[in-house]
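Structures incoming, each one as structure tokens.
Presented sequentially are two complexes of chain A, the first with chain B as partner and the second with chain C.
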Partner chain A sequence: MTVLSTRLQTPLLLIGITAVVLAVGTAGGPTLERVATLSLISVVFVVGLSTFSGNSGVMSFGHVAFMAVGAYTTAYLTIPVPLKGVLFANLPESLRWLAEVHTSASAAVLLSCAMAAVAGLVTAPVVARLSGLQSGIATLAFLLVVYNVLNSWTDVTRGSSSMIGLPRSTTIVTAFVAAALAIAVGWAYRTSRSGLQLQAGREDYWAAQAAGIAVGRHRAIAWVLSATICGLAGSLYASFLTTFNVNAFFLSATFAFVVMIVLGGYLSLSGAVLGAIGVSVLQELLRRLQDGGLTGGSALPPGTANLLLALVLLLTLVKAPYGVMGARELVLVRGGRRLRRGAQAVRTPAGS
Partner chain B sequence: MSATQLATPPPSVLRMAEGGIHFDGVRAVDGVTLEVRSGEVLGLIGPNGSGKTSTLNLLSGMLRATSGSIHLDDHDLTRLSMRRRTRFGVVRTFQSGRVFGRLTIAENVEAAALGGGLRRREARQLTADILAELGLEDVAHQQADALTAGRIRITAIARALASRPRFLLLDEPAAGQNESEAIALITAIREFAQRRGCGVLLVEHDMSVVMGTCDRLHVLDSGRTVTEGEPALVRRDPKVIEIYFGKRHDHDAER
Partner chain C sequence: MIMEFLISAVGLGALYALLTLGVALMFGVLGLMNFAYGEILLAGAFAMYLFRNEPWFVGAGMALVFAVAVALLSERLAFHPLRDADPVILMIASFAVSLALQSIARMTVLPRARGIAPEPFLSRRIEVLGADVSVLDLVTVGLCGVTLVAVAWLMGRTSLGIQLRAAAEDFRMAALLGVRPNLVIPAAFVIVGVLAGIGSVVLAARQGSVSADMGLQPMLIGVVGAVLGGMSSLKGAALGGFLLGAVTALLETFLPTDLIAFRDAFLFTALIVVLVVRPQGLLSGAKVRVS
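Presenting the complex of A and B:
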């Protein structure tokens, strides 16, 4: 195998696995297609989260907020103007234009990513300065702030009432393309100059400082990039479901995504992708088990599915603290990157 | 020797003047003045807890001095962070290695080269050169925390070299190795430092290892300077003999 293909085999394998999800979803009935599409959207989100957490080693509980930014932006830009007149009758004067704007589906996706990136830029300085537990709490605080704004600013966000009437522009194919793109971008960052330096900072903050690495700056770069990818996931989610509620972007979603990334292995991109797909499948099986569809028997008490999911998480954490993949990546052929050897490399037999 | 010196940058001096730090009452370093010049190896020796690592922490910026100053030629480094000092060319290693455990050896070195501001291509080139020079090519793609303690120490030195140091501050690079291995390693460090015109501050607690390998020795005890000078003279100093009483420095004389 050539050097190039050895280096690219991980992202290609991962894209291949998402293609299998696409194939299964397309071949099956509408229920299966829906499950497959949502799991591909989860792949986009978890790859986004992993772009920050995997490289920096800092877990974030706030990324669902970026998803919300993406979803709301898409809603504002794509809900038909006449319907918006009804939904947002009480917009404050300064935001009247929101009821008038309308863009194509693809422009809405791009602008959703851009808005999430802006939210990432605004919060990046805090993330760059904090690490460990403080950082985890700060990201949770960020989620609470965004949730409360969305939930309380009723005139603009419809508060706890659902957003409705988005045109359905996300199909299983667009979800697959987005997942493949996210994997490619996530891999490119991971192997970039910034990504490598951030991983060094993850391994040992002070040793990285001693190597001249500006760990905080690279953390901020990864944060903004991951916010952008999670904004994409939010946009797809909104335009796939065509209706959503603010509660979709709070603690239970955060928990579900954290289970995905932790089960798969938050340090590796393969772990993120496999975790997102694996847990999506598991969730669907547990849901069917809960309402008796799987066993043909009677329904189990509500909450059983989540309980079992939490149990799986606990068991995995005991058995494999860094998830199924640990820090490893999926490869077919083991082989290192070949080093470019310098023409004037000096060899010194010690003591000659 | 003169040929290599032609190629090196003008000599410079890293100097700590009356440097001091205390940790709630303990004066770990107490008014120490020392100088490292480019191209030379200064051995910093002393018994356990005498303040060697703390002195290195002051020079590297890991700790801020509570008194005194640190200069690289005319540049005042006293208030600069460790990262900024590394970018200035004052680069340290750690007593415990502290490699980037889940990165490969090559990535460890490349990350430091990138941290020093190199472009990707240059960083890879420098990494390849350093790995070849230190004999780490065969383990280049192994994960760092899977290596032996000896290899981890060499990797830490390789990483420091990737920061293109003008001054290398090495904290017991030969710890855990036997005497002849330690001497071979330090001799190799000395050779590449001279080739690059780089100054070395070498922390070591074993007197016999530094005798033949350092240009000058600086002896610490309880955070204070005991003496400084040529190894042969330092070893005959009665105060040094007292501190190292019972150590086996005598039978190394014929080396």
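Presenting the complex of A and C:
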């Protein structure tokens, strides 16, 4: 085993797991395909979130805002121009051009990522300076600001009415490709110089600072990168569902993604991927349980699925606060002593 | 006109101070940023709805009982096992508790908002010092004011209050000096339950309805107020909440209509700025004890 192949084991294994999701989704009926595609989009998002949280040890509750930025950008760029004239009849003068622009689906995806990256750049200076609970509150406040603007700027964002009429350009295959790409990028960053320095800052902030690592700068880099990946997830989400509402990018979505990343283990990329897929499956099962389809009995009152999901999260936090994977990564062959020991040394994240 | 505005601003300020105090107390003693606080309020409002046909004091009393019971239960079942956990883990756990309680409310009687007919005497208006003031505003000021004074007395003059403040200052040191964690933590939850119960009575009367997601807004107000005022000191937090309420009343009166919808965006941007520039809060001293 060379060092290189040990390093590549984890991302290849993870991509292999997402390929299984692709295979299951393609083989099953349309319902299964839908669930599989959405779970692949969740993988993209959670890998994005993990690129920041996993390396820095700082939890973010605001990443859904980047997803919203990606989704809205895609909507502006791909909804057919005639329809846009109707949907955005009251655009202010300075934004008239929004009703005219139109790009191809792939250009829209790239621009969505770029817009999310810009949003990340704007907020990065704040994130670089905060850690622990402060960061948790600040990222949540960021989500609330974005939600408030999207929900209230009715002339431009349609407020609480849904965006409709996006052409469907995301298929299960594109979702898989995006997930594989996200995993590759996430892993590349994690093993890069900046990623390793950021992880050093996660283990011991002051020791890393003393060793000459600008933890804040690396936090900012990871933040922008993760914003970009989450923007990609938002773009895919919008062009898969073809219609979405601002409420899809608020606390319940945040909660669902937090469950995924915490359940899998937020310090590890493998945890992020496994958590995203596992919780997607769990959510689908709970939904069917709530509808009564699973037991064959009558439907349970709405809210049952959420209640069970919350209980699962609580149980995880009590029994295994660092999730199923902890700080470990999936490997087949236990080579690379250096890597393994590095991975097991994790105890607490930064900020405590 | 001025008098009316003053009374409504003071009323809102007192209510917000009450909400903020609940958040700050839990943060000080436990390091817990409790997002389930809104659902403790919801429990109180829920009781108001259940007992809406009884005389008002029964409903208000049951609101207190329900809120305290839910606060204690959440401590027992969720936060007790996590007592030594990282503050961020605690915050995630409180998210989970919040969602669980909301789901229970949705599953039972609140799939959608329900109205509570306000007591008729609340909607009357009376003459005070030449101004026309609604009884509701006066009741808000009175109830919240009395509660705040009571909390100040409890925290300042009683043994329990001193223990709570010691625990908020330095939990481990306080424990070494004989403050029993198993006494102060549940006590903090009981006080928070009472505060939330009173808050829920006022909120239910002001809104005239109860819904499963009604806890979100007051909880966020509490968080913003606590951060603005400085979470390490309860006095600072209460003052922060009061100012937040007064400023909100001011903004609602004087902000142009187009911008009122964006009030929250301004508020939370200010929150982020405060976190970055003055993490110890606007009103407290130099001591930093956040996370």
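Throughout what follows, the second predicted complex is superposed on the first by the 336 of 352 C-alpha atoms of A that agree within 3 Å, B and C clash if a C-alpha of one lies under 4 Å from a C-alpha of the other, contacts with A are read in each partner's own complex, and residues count from 1 in each chain.
By our rule, a contact is a pair of C-beta atoms (placed from the backbone, for glycine too) under 8 Å apart; a residue touches a chain by one contact, two chains touch by 3 or more.
Quantities reported herein were computed from a predicted structural model and do not represent experimental measurements.
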Chain B versus chain C as contact partner of A:209, first or second or both or neither: first
Chain B versus chain C as contact partner of A:301, first or second or both or neither: second
Which superposed partner A:126 touches (first chain B, second chain C, both, neither): second
Touching partner for A:327 - first (chain B), second (chain C), both, neither: first
Which of chain B and chain C A:138 touches, first, second, both or neither: second
Comparing the two partners chain B and chain C, which touches a greater set of residues in chain A: C
Which superposed partner A:23 touches (first chain B, second chain C, both, neither): neither
First (chain B), second (chain C), both or neither touched by A:95: neither
Residues on chain A lying within both footprints (that of chain B and that of chain C): 348, 351
Chain A - residues contacting chain B, complex: 193, 196-197, 199-200, 203-204, 206-214, 267, 327, 336-337, 339-342, 344-348, 350-351
For the chain A and chain C complex, residues of the former touching the latter: 59, 126, 129-134, 136-138, 141-142, 144-145, 148-149, 152-153, 251-252, 255, 258, 262, 300-304, 306-307, 309-311, 313-314, 317-318, 321, 348-349, 351-352
For the chain C and chain A complex, residues of the former touching the latter: 31, 33, 78, 81-82, 85-89, 91-93, 95-97, 99-100, 102-108, 111, 216, 220, 223, 227, 261-262, 264-265, 268-269, 271-272, 275-276, 279, 290-291
Complex contacts: residues of chain B adjacent to chain A: 60, 62, 81-83, 86-87, 91-94, 98-104, 106-108, 110-112, 114-117, 120, 123-125, 127-129, 131-133, 137, 140-141, 159, 162-163, 184-185, 187-188, 191-192, 195
